[in-house]
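Each structure below appears as structure tokens.
What follows is a pair of complexes built around subunit A, which joins subunit B in one and subunit C in the other.
Coming up: the complex of A and B.
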């Protein structure tokens, strides 16, 4: 990674002076710290040396890979859904489908972001974290070239909106710094699906930062499929701020990439806000998949749940780090977390670090974590009914993941993830 | 109900003040304040140690010095305290005795009085209680009982300085084999300046007939205490060891950096129990002990077992992770802990279970109780290495919060590199519910009594694992520690 190249910041629309300043500071922080190493607590289990050791180029705006709607059709949620497509980190109006966005709402590229959007996009995350562990988001701030700005007007109801990010490796490895904003105004309701896929083989790096703001009484269902190519690196940081009685559901399936980190920060910044976070990591070969979740209960009466699972085959390695932080004033908090990992091969490897930091007393908080092989009793039960070992295993693994998919709201998104998981179970699944 | 009645009585007799806050006035033999190579040489010379041990200490000292100078004092624990000035501490203080005492009558009466106030079963009381006490006063062991009876069985139970002299081959073989001098900042410091501690060796096939016990006290003003304990259970041996601590009231913070090493060979078992009630500082967080301890056991042999049981109610800051390295096939590690933080106390404690051998099993039960502005962190590691076929771990960490200014935290690390392992971790955080309190009060219990009853119930799984003598003291301590936290 040539850091010095990042000094000539690419423009975003008409970059205001303050933004240029923010981006300059961000790159300075990145220059000082460099790529995070396992010496940083937040990166203890995930070593980025392979990423840091690869030299990436930035795709020039002139490079427009030839793609047709037919090429991306298989990755589309439904033929009718609102669709915004990015190829190699840049917006593709020709492949997107944004004609039917209702009045009062907006779905546009980062280059069309207005001042208020940009302020939200570049605000410092409110969830506590080591600044040195967040320098990849700083690099993103400095280098961002595209991303979706989804703005739901007051009381708006939006059919599924899909953000489709296509990696199309060509020549030297490329890095895509995507910056998304999902802003749900008061009382709105929407489903937003992010899909990361790759068309073609070769290494590249997706470095995505997504900011989410859910206003009072708004409901946001946020889903993410990470099915990048097997040589890709995927680093994504979502940070969500929930206001009073806001409801936020997030499900992520992580099954692609050579090395992936899915980071979610949720701040329950309004009273009685609700967050439901879940996800599945499905790893095989030598994949390294990491999910890092930080939930901050800043205000009283909040409810949060986390259910994350991993299925680890071959020499793959999964990491789950989940933190629940309850601030001194956040009384009546109810926060739960469950993490389960299934190891399918002798070389499979899973690490978990569930963490509770509780500073209020009138709370109900718990976490549970298990790591192990399939349940012997369940295997015996199925085999006693005449199934052979591979069949029995397949059924149990399927059931293990299917439980999570049930959390997904809406038939079409559920079917979409079901297909992705089925492809994985059948031995494929990555693009 | 008996226990809580006792707690109440204890409370009344204490008047809410720290019971053991008194200072015994005896002449101490100090090493000059501060720490350099000369201090290390002084301690070693004072003990008449062989050359190899001095060399070992010096290596530890140099490593510690380098870490210290580079500012590598550990900072990852969730505790805050002002920077320790290591040059402002006495590293050696021994009670002056004209002659070595041969029986209790010869022991300084001032010392005996101190122990009496602490309620240590020494002399006849020791015989009645069936406890052999190797009482440590500051840094030198002053009296040991039941030595003769243990000797008949071949059990060695003596101050470690004596063991260095009389059993150098055992000490040389095992000292630093579980916690090497390079292990961590405080272990290095301890290795350089440890003054005394206990040494136990139980020969093959011997079941130690009594609970071995040590009481530690920090007495001389500003002297850190650097204990070193080494316990070895040879093949098929069994020993249960109790450690209890109280310290007098002080305004300055005192540093305690002990190291405890346990080794079990094939089929051997060590049970190590601690009740720690050192001075926790006053209500405003002034004073109190810094308890930075490295405790680790190695199950070297197949089918061996090590269990740590601790009740931690004292100290201003506790930094302590009694661990078990499960090397032998089918070996078992257990950790049962109750940690209480009240007022401004901070505790960052937990365990590490490292599964190396096949079919190794570990159990972790941790109960953290926070009151006042106390901060209580469970930090633990369960690691299953690739060869640990069939490893099994069950961990349960519960936190109880009393009051809205305190904090209870859980930070487990789980690393599994073997498919056949089964690792389960559960943690909960809650407060004493109004319903529970109401229920108890409705039946005529005072609020304080109700809290004591509920807390004892919350900790029951751990208290049950303590030897009888300690279980009673521990129950009382819980009540005393939480006094004034409700209402």
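Coming up: the complex of A and C.
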């Protein structure tokens, strides 16, 4: 990464002076710290040296890959869904379907963000964390060129919206710094799906930052499919702030990329907010897939669950780090965490690091982690009924992941992830 | 149909079957009885081809096939079926989906056309009706939350669907109350007939009141020590295994 090149900040619409200042400070932080290393606790299990050692260019706005709607059709949630498409980090109006967004709500590119959007997009995350571990988000702040701004008006219902991010590698490796905002006003309800896919082979870097605000009594179902190409790097940080009685469900399937980190910070900042976080990492070959979750119970009466599973084959490596932090005032918190890993080969590797910091006394918290291989009794049972080893394995792996998929709200998103998992089981799944 | 000759089986280096001979002709039902630890379940698992059950001597002939070195799925496709003593619970896998894959694996092996979803459902309903079982069985995850009776019934239903030439029923009566036992036994009797041999492994005579065997074998310390007609089961029931164990030790 040529850091000095990053000093020339690309414009975002009519950049206000304060934003230029924020971006300048962000790039300074990145320059001082450089890429996070495993010496930082938050990056203990994920080594970014391959990413740091690759030189990335940034696509110029003049580079518009030739793509048609037919090219992206296979990745679309449904033919009817609201769709906003980004190719190589930039908005593509010609491929998007945004003409049916109801009045009072908005789905636009970052370049159309208003001042209030930009303030939310660049606010410092409220979930506590080491600033040095977040410098890739700083780099994103400095370099962001596109992303979706989804604004759900008061009481609005928007179902579903798909944000489709397509990587189309061309020439020297490119970096795409995407910045998304999903803001659900009071009483609104929506399903938002982020899909990251590749069209074409070759290395590139997706560096995505998504900010989420769920206002009182709003319901947001936020899903993410990471199915980038096998040479891609994918670093994504989601940070969500939940207000009073807000409900936020987040499911992510990570099955693409050579190296991927899916980071989710959720602040239950209002009373009785609810967060259901889940995800599946499916790794094979030499993939490295990381999921890092931090849940902060700032206010009383909150409920959070984390259910993360990984299936690890060949020499792949998965990492799950899950933190639950309960503030002294957050009485009557109910926080659960479960992490299960299935190792399919002797070289496969899974790391799990649960972390519970509980500063209130009237709470219900639990966590559990298991790492194991396929159940021998179940394998024999299936084989004794005539299924061969690959079939029996596929059935058991599928069953392991199916539990998570079944909890996805909405038939279409559920079918979408079902298909993605089926493709992975059949040996593919990555674009 | 089934011929077991001088079968020796080790588990983790320990010899459990020690020269077992058994012949099960076509269409017959034989019971194997014996005290705990005599190797009955080892025989069942060995016939099904479970890993870790090492055949160190002897062989298992099934018609003109030598099963001894075959993989479990190859045996199943040739028509060997094991009804498990402890059917495995597999959360997340719907019974019908699993059984459709299973039925089709066997059909494919026999060079028959695979069943589509509708054809499968039709066949499954027909078998459930025949066995007087509830259709709800199809939509549940494999054995999850099943009572002991339901698990055993599910085994018999699978047997009905797979139409094996050799069925080994390992302690199918264990853990069943009398009503469940009758249902399971009726199911087995329905499936009894020419072209299908059944090996009933049981500790108690009770099951044999409902499934009347052509022959009874007594197994002690990894061998068949006595064989006889169905009256042998009654004798064992009345006098216990002590005499046969003693006689076997003396021999």
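To be clear about the criterion, the second predicted complex is superposed on the first by the 428 of 431 C-alpha atoms of A that agree within 3 Å, B and C clash if a C-alpha of one lies under 4 Å from a C-alpha of the other, contacts with A are read in each partner's own complex, and residues count from 1 in each chain.
Throughout what follows, a residue touches a chain if its C-beta (ideal position, glycine included) is under 8 Å from a C-beta of that chain, and two chains touch if they have at least 3 such contacts.
All values derive from a computational prediction rather than experimental measurement.
Colleague: Quick one: classify A:377 as touching subunit B (first), subunit C (second), both or neither.
Modeller: So A:377 only meets subunit C here.
Colleague: Quick check for you: in the superposed arrangement, does A:396 touch first (subunit B), second (subunit C), both or neither?
Modeller: The second partner, subunit C, only.
Colleague: Looking at A:114, would you say it contacts subunit B, subunit C, both, or neither? Reply first, second, both or neither.
Modeller: neither
Colleague: Between subunit B and subunit C, whom does A:172 touch in the aligned arrangement: first, second, both, or neither?
Modeller: neither
Colleague: Contact-wise, after the overlay, does A:80 reach subunit B, subunit C, both or neither (first, second, both, neither)?
Modeller: Touch partners of A:80: none, neither subunit B nor subunit C.
Colleague: If you tally the residues of subunit A touched by each partner, is the higher count for subunit B or for subunit C?
Modeller: B
Colleague: Check whether A:388 is in contact with subunit B, with subunit C, with both or with neither, and answer first, second, both or neither.
Modeller: Touch status of A:388: second partner only.
Colleague: Of the residues on subunit A, which ones does subunit B touch that subunit C also touches?
Modeller: On subunit A, no residue contacts both subunit B in one structure and subunit C in the other.
Colleague: What residues of subunit A sit close enough to touch subunit B in their complex?
Modeller: Within the complex, subunit A contacts subunit B at residues 41, 45, 328, 331, 341, 343-373.
Colleague: Under the touch definition given earlier, write down the residues of subunit A that touch subunit C in their complex.
Modeller: 375-378, 380-389, 391-392, 395-396, 398-400, 402-403
Colleague: Spell out the part of subunit C that touches subunit A in their complex, as residue ranges.
Modeller: Spelled out, the residues of subunit C in touch with subunit A are 48-51, 71-73, 75-77, 81-82, 84, 87-88, 90-93, 98-99, 101-102, 105-106, 109, 141, 158, 162.
Colleague: Can you check the complex and tell me which residues of subunit B touch subunit A?
Modeller: Of all residues in subunit B, those touching subunit A are 76, 384, 386, 399, 401-431.
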